[in-house]
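Two complexes come next, and they have one chain in common, chain A, joined by chain B in the first and chain C in the second.
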Partner chain A sequence: MGNIRNPRAGCALHGALATLEAIEGVVPIVQANAGCAMQHALAYRDRGGYTVAQTVPSSNIIDKQVIFGGGSRLREQIKNTVKVMDGRLYVVVGSCECAMVGDDLIGMAREAAEQGLQVIGSNIAGFHGDIHRGYTRVFLDLIDALPELETVRGLREKGGERPLVNLFGLFPGGDPYYKGDLEELRRILEAIGLRVNSFFGPGGHAALRTLSDAALNLVFSRWGETIAARLEKKYGTPQLIFDAAPLGIEEVSLFAQALVERLDLDATGAERFLEREEVLAEYFLLGAANRYFDEGAGKRAAIVGDSETVLRIGGFLSRFAAVDIRTAIYTDCGEEDALPVDFGGAAHATGDGGEIADLLCGSGADLIFASSLETEVARELGVPLLTVSHPVHDRMIGDRTYAGLRGAVALGADYLTLARQGRRAAAEKLARKLAAG
Partner chain B sequence: MSEVESNRVSFHGRGGAGNGKPAAAPKSQSAGRHIAIYGKGGIGKSTTTSNISAALAEAGYKVIQIGCDPKSDSTNTLRGNHYLPTVLDSVRGGNKVHLADISATGFKGILCIESGGPVPGVGCAGRGINAAVTLLQELKLFEEFKPDYVLYDVLGDVVCGGFAVPIRDGITDRAYVVTSSDFMAIYAANNLFKAVNKYAPTGGARLGGIIGNGLSAAYSNAIIDDFAARTGVPVAGYVPRALVVSQSELYGKTVIEANPGSEHAGIYRELARHIAENDKLVIPQPLGVGDLRDWARDWGDRVFNLENGAERAAA
Partner chain C sequence: MAFHEGKSAPTREKRSGTISHYHGTLSSLIGDTAGEEIPQRVRTFTQAARDDILSAFAVLRGIRDTAIVVHGAAGCAAASIALAEAHGARWYSVNLSERDSILGGEAPLRETILRAIGEGAAAVFVVGTPVVAINNDDVSAVLQELSDETSVPILHVNTDGFRSKSPLTGCDIAFHALLRLAEEPGGGKERGDFLNLLAVNENARNLAAVAAMLEALGVAWNFLPRFSSPAHIRKAGRARATVSLNRDESEYFGLGLEAAFDVPYPQLPAPIGLEATRRFIAGLGGIFDAADAADIYARQQEDALRDVLAARPLAGKRVFLQVDVAQVEGFGALVRDLGGEVAGVALGSVDLNNRAHLARLEAAGEIPALVAVGQPFEVANVLARTGADYYVGPEQVAFAARFGARPVSLHDALYYGFEGIRAFAGALSRPVPGFRERVREVYSENWLKKNGAWHVKREVR
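Take a look at the complex of A and B:
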């Protein structure tokens, strides 16, 4: 069944735009009718955690360009965009109609590049899939096209310099907390002796230029696997694939250990860092144990989100807070995909809002970990909701993370806050019932 | 809690990350030499392509022939006219597509595939061909079969951007055009030259040459030679009209298979050898609409004079 009610992901073009806009220094140029870029801007403007450009250059093509080809309109758009938009790299992205009529975006971008402009093209079309595929495809196109513009060194920096790693699989539209999550992973990786390209955030353009220098590519979701495979084929860079970003001391230790072994890092330094972090986590959550036994123990929960989010957050909750995950709903899996983990409860694959609401109603959950689209059903059920998956409207995310070590402290604290809300809601419900006689 | 493999670490058991279907791999030039064969509808593209495939396979090469035409009859003579589900039929069915379901092994091990297309009058055939070829790449057809040659038999005229995709996006690096000496076939060839001329400078396929087909009149070769010279394109070979070609086709076979000792089998073998070895690829200089008409009129006069001269000489 398709995603009929409240589809939570836009099209592949939106995924490509969300990705490009989040890379500092990159300006997308859309070859499409006016609706495509407009829809993207309207859909993502209000969502927590996003970097959405206020201005999206778009060729706004009309019937004439569909019939005769949109080459000259795009040429004009590129020429004008570089005059008014300050970018270090311009990426022409396509759309359904220009893919149907065969507009040669790559060729047009090359023509601009020959004139000395920093322009590359991506033949993305909305119908290639949802935002996840948009992220993957646009990154593959960047990898293929960037060497035409930049001098790709292709040489591993050896000796005194710390090894570089690229991070793939956490991105806007997939993980709403991607900013905080990636920065937390960066903090851990730098502490154990690495340099990090996360692409999103400050230094994004520089990260693109050095992506071929990495000693290892780290992948945190299925959506980064093809990207790492392409880099392995092109530059021989090995890869390490995780089913989710690590969360909590146990996973982070395993994560660090895998990297120490792979890249021959200083094991003692990594251990010292982890010991200090563990002490800090205990310090932050001092007294949490009492509150947990009062209010947080023995809870049943339902979790909704991309596989990476569900595995990371569901796994942590079930292991460290002994939460009984009754229902896990994977929103980025198709019916033909094998579902990752059921946590001993029921696992489903759907992105349809109606179906998700029905599943949540039947889950018997005390707490819901899902997106803002589940606000209504959570309210109807009288069950508190923590928005962990895309889209998130109810909070400004800022640097909030649910990954790594600080993410474990944050999730632990938010879990206990949610449990208290749940207890209060249950008490109020009971009081109302008693008052009604 | 965790499982560690060589390059996979699973925090959550059951190898979660490996269960996902990877996103579509974009087009890349895979193993083997990828050749597109274009030409006006009905001019003999499929016959020519199949005979070239058969000759290459006979010479010991691993060959894939992909029919890029909604009619889906390109590879018929390579596999005894049996029904073969097309790539797009399988896509329409909505189930997971397996290579075994959409391919058949034909003469001398040639792997035959038909892209298929939408029902006439609906959908977009150009987009369909693009989607079919992308799917074949996702199925790792070229990595697994490891062909020496892949021949794409592409329908008719280049009527819109969609049909130019095989020569534009790096699917093939060379194209040949099949034409007779008739004006409309040459007009279609000239249109293909326009597309190649447009896309070749930015990485699109270049032209290997013209294949003259179904040539019967005394002046046919001269017309093709003249058109080739004016557009700066070499002629890869001439295939005269012959009964043996029609007869083999009626038997549901290529000439190479049905009449291996015939003169035409030799012609196709020579053509295949030329295409296999030729590395001289050009960017054609198509004639403008007015120039093409003037050129045709000029040939009209010459042909008229030739015929009349011949009649007068006979009288």
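Take a look at the complex of A and C:
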């Protein structure tokens, strides 16, 4: 694995927590020392777009429980969490300590469920990997354990006029813009005649209860593939896998077409929606066509993020604005992984802040698309930065999206803003030099 | 052997009988802390809270040209995303895997330290985590071996995340390591005419206000450990005196400097509110033979505040305070200076050394008092049951709006010194956002109506 300078991605427990906290009605219960969940709260709190407060129930185990086991402490924590915290489903998650000591948190969760409480367990530990693995793992555990709860059994909603699709692969921690991105995908999917379970946000718990009813699972990153495979095995739900969420009219058209064919949807309705969206996108984007040619097209860029982010945003920039992606840095790929795409430049796999800074310094980029952790190196290089990958703490994200059709307009506008900033900075530098003689 | 000479600092529970839970009134708390020991109570429900590791991070993060090596899994350094400072320490995670947790993490630790030194660290702090404590990694052997190879100080910050319920233990452990960097006077490095000013979690605005006071008295300062470097820590042993801005957090270092290098460590109050600021300035004047200058400065500043105090913005208002014990006296007086009364207090932790502070609050009497480190559900319960017009807390204050109190965040607020009185009064009169009625509640109605000590039992030994 190797050491990391300026770690950016937390651990598997943090990925699980970010996932669970973002599902409305779900309350995580952490079996760990006090600081494990607090590290997560500090890392995510006030980072753009996330929903994290310092209220996570945590057993806060001390040396006594490390030595003699933390089972009885966890039992009382579960029993009282249900009394103190409003929730519809409680998910017990583990930690490195819990795994090393051998606490049976699954048994404890099952014991509570047998008493009629809505509790399940996820045997996760920080050292199982980074946040991406935490998302995958906790979702697999949800899928496996949910049917054991009475409220899920027998309440599955079958049929309905419009087919239901589940969305996987975009999640808090992986995609800082996940709220807006998922809502934009929902808007598109509903417009072409589908119902959508995105799990995160309002109605999250209800989505979990109906996940087995889906006609199709849509996967937007490698981190959703195992989840979809598990659902296919368990419920026979087919899947459609994409490397990244669609961004821009061409990508969205292909995406919609694939769904129309796969689910036998009304093609005319989808076409009408896309035609109107294309007109709108042109209205917003091509109004700035002159600026693209004056100062925006063909810029050299470097992009840093997880594979989904790099493929989506890098792909759009190179297609739409003819941006020359000189350096693509994938932060969620290990040494053993094949690098997805190099965009004709250089591709690297690293999440190490030092290596990333060195690569950016050598990239020759005019613009940087990365996380807030790259602020310092961007400043040193005098190159404008747009924060597109986790963590983002220089801006509040709200419903901003860089996915679908509205995301293309937003990214196009942000790209031009960035290009203008870069041009102005360069012009000022030149002017200072000329004035100095 | 003095307490700072051992391998690591003892827990706060051992050193000063710290409690991390209390639910009662201020007068009952004063009664409970009057004896030789404070009864320990145990929660049966808890929320995530800061531990010794996070407190150690808070102490170390502001020391530039150094490296913090977190000896644990990647998540054990996740807080660096929030805590890293542009001009502070550089952060490294050893990034231990499940395999390392079985076979030991000494080799990756060694590699990480060498990398940090190779990338220019002038001192390296190796911060311990639960994984290496449970696995019993031999960190000392690695550090000893590397110390033979390099002149860069490598210091073990022996935290583990579970030995103490008081996060302040982590401050002590980190300061224990820093004491080893300090140099004795002598050898051409004689005692200097400057003040060590200890600051851990103070924001830059408050430190600037304190610096302005020192400047007015002509006192040179050495801020530690925020905004410092190894050179600032080395010279700490040669200061005229040491003063803590928040004694709860930094007294270990002050006591250590006093014991090891004879640097006096007078008890001055945190400069919050009129009276405490007056005493703070007078204390500094006494140390640096500038009593007259201190007196003149204090009078001038007080005169300039007459309009603020005369306005009494808190007249008829009840204020709930969530602050550290070292600050509660000052904030209590500040609330009264501005015409209000204290409706209740939630303190970070309380120990036997805090008796004098608490005694000075006795006049407040039968108001609710909590010791609720990192447990917002307990504060929510008290606010729901007793109400308040204002809630003053360190951060994450929006929840108070749900209970009808105006939230006042101290997160980036100025409240130190005379300047802080005006700024605090201004914060009270800021308009309240329209969304305050819509702040989401995460607690059950049942809990908000229950007795706030329902989930607590007495510790059995």
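In this text, the second predicted complex is superposed on the first by the 418 of 437 C-alpha atoms of A that agree within 3 Å, B and C clash if a C-alpha of one lies under 4 Å from a C-alpha of the other, contacts with A are read in each partner's own complex, and residues count from 1 in each chain.
By definition in this document, a contact is a pair of C-beta atoms (placed from the backbone, for glycine too) under 8 Å apart; a residue touches a chain by one contact, two chains touch by 3 or more.
Predicted model only: the values in this text are computed from it and were never measured.
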Next item on the list: Using the touch definition from the top, say if A:Ala436 reaches chain B (first), chain C (second), both or neither.
Entry: neither
Notebook entry, point to check: Between chain B (first) and chain C (second), which does A:Met396 come into contact with in this model arrangement: first, second, both, or neither?
Noted result: neither
Check: Of the partners chain B and chain C, which touch A:Met100 in the superposed model: first, second, both, neither?
Finding: both
Margin query: Taking the superposition on A as described, I'd like to know which of chain B and chain C A:Leu286 touches: first, second, both or neither.
Written below: neither
Next item on the list: Quick one: name whichever of chain B and chain C touches more residues of chain A.
Entry: C
Next item on the list: Answer with first, second, both or neither: which of chain B and chain C does A:Leu254 touch in the superposed model?
Entry: first
Next item on the list: Considering only touches as defined above, state whether A:His128 meets chain B (first), chain C (second), both or neither.
Entry: both
Item checked: Which of chain B and chain C A:Thr55 touches, first, second, both or neither -> second
Notebook entry, point to check: Which chain A residues come up in both lists, the one for chain B and the one for chain C?
Noted result: 99-101, 128
Margin query: Per the contact definition, I'd like the list of chain A residues that touch chain C in the complex.
Written below: 1-14, 30, 32-43, 45-47, 53-63, 65-66, 76-77, 79-81, 83-86, 95-97, 99-101, 125-128, 130, 354, 373, 376, 391, 393
Margin query: So in the complex, the part of chain B that touches chain A is made up of which residues?
Written below: 1-2, 4, 7-26, 96, 124, 126-127, 130, 160-165, 168-169, 198-199, 201-204
Check: What does chain A use to touch chain B in their complex?
Finding: 69, 99-104, 106-107, 110-111, 123, 128-129, 132-133, 136-137, 140-141, 144, 219, 221-223, 225-226, 229, 238-244, 246, 250-251, 254-255, 258, 307, 311-312, 315, 319, 333-334, 336-341
Next item on the list: Can you check the complex and tell me which residues of chain C touch chain A?
Entry: 43-54, 72-84, 86, 90-98, 100-101, 108, 111-112, 115, 119, 130-131, 134-135, 160-165, 167, 374, 376-377, 396, 399, 441-444, 446-447, 455
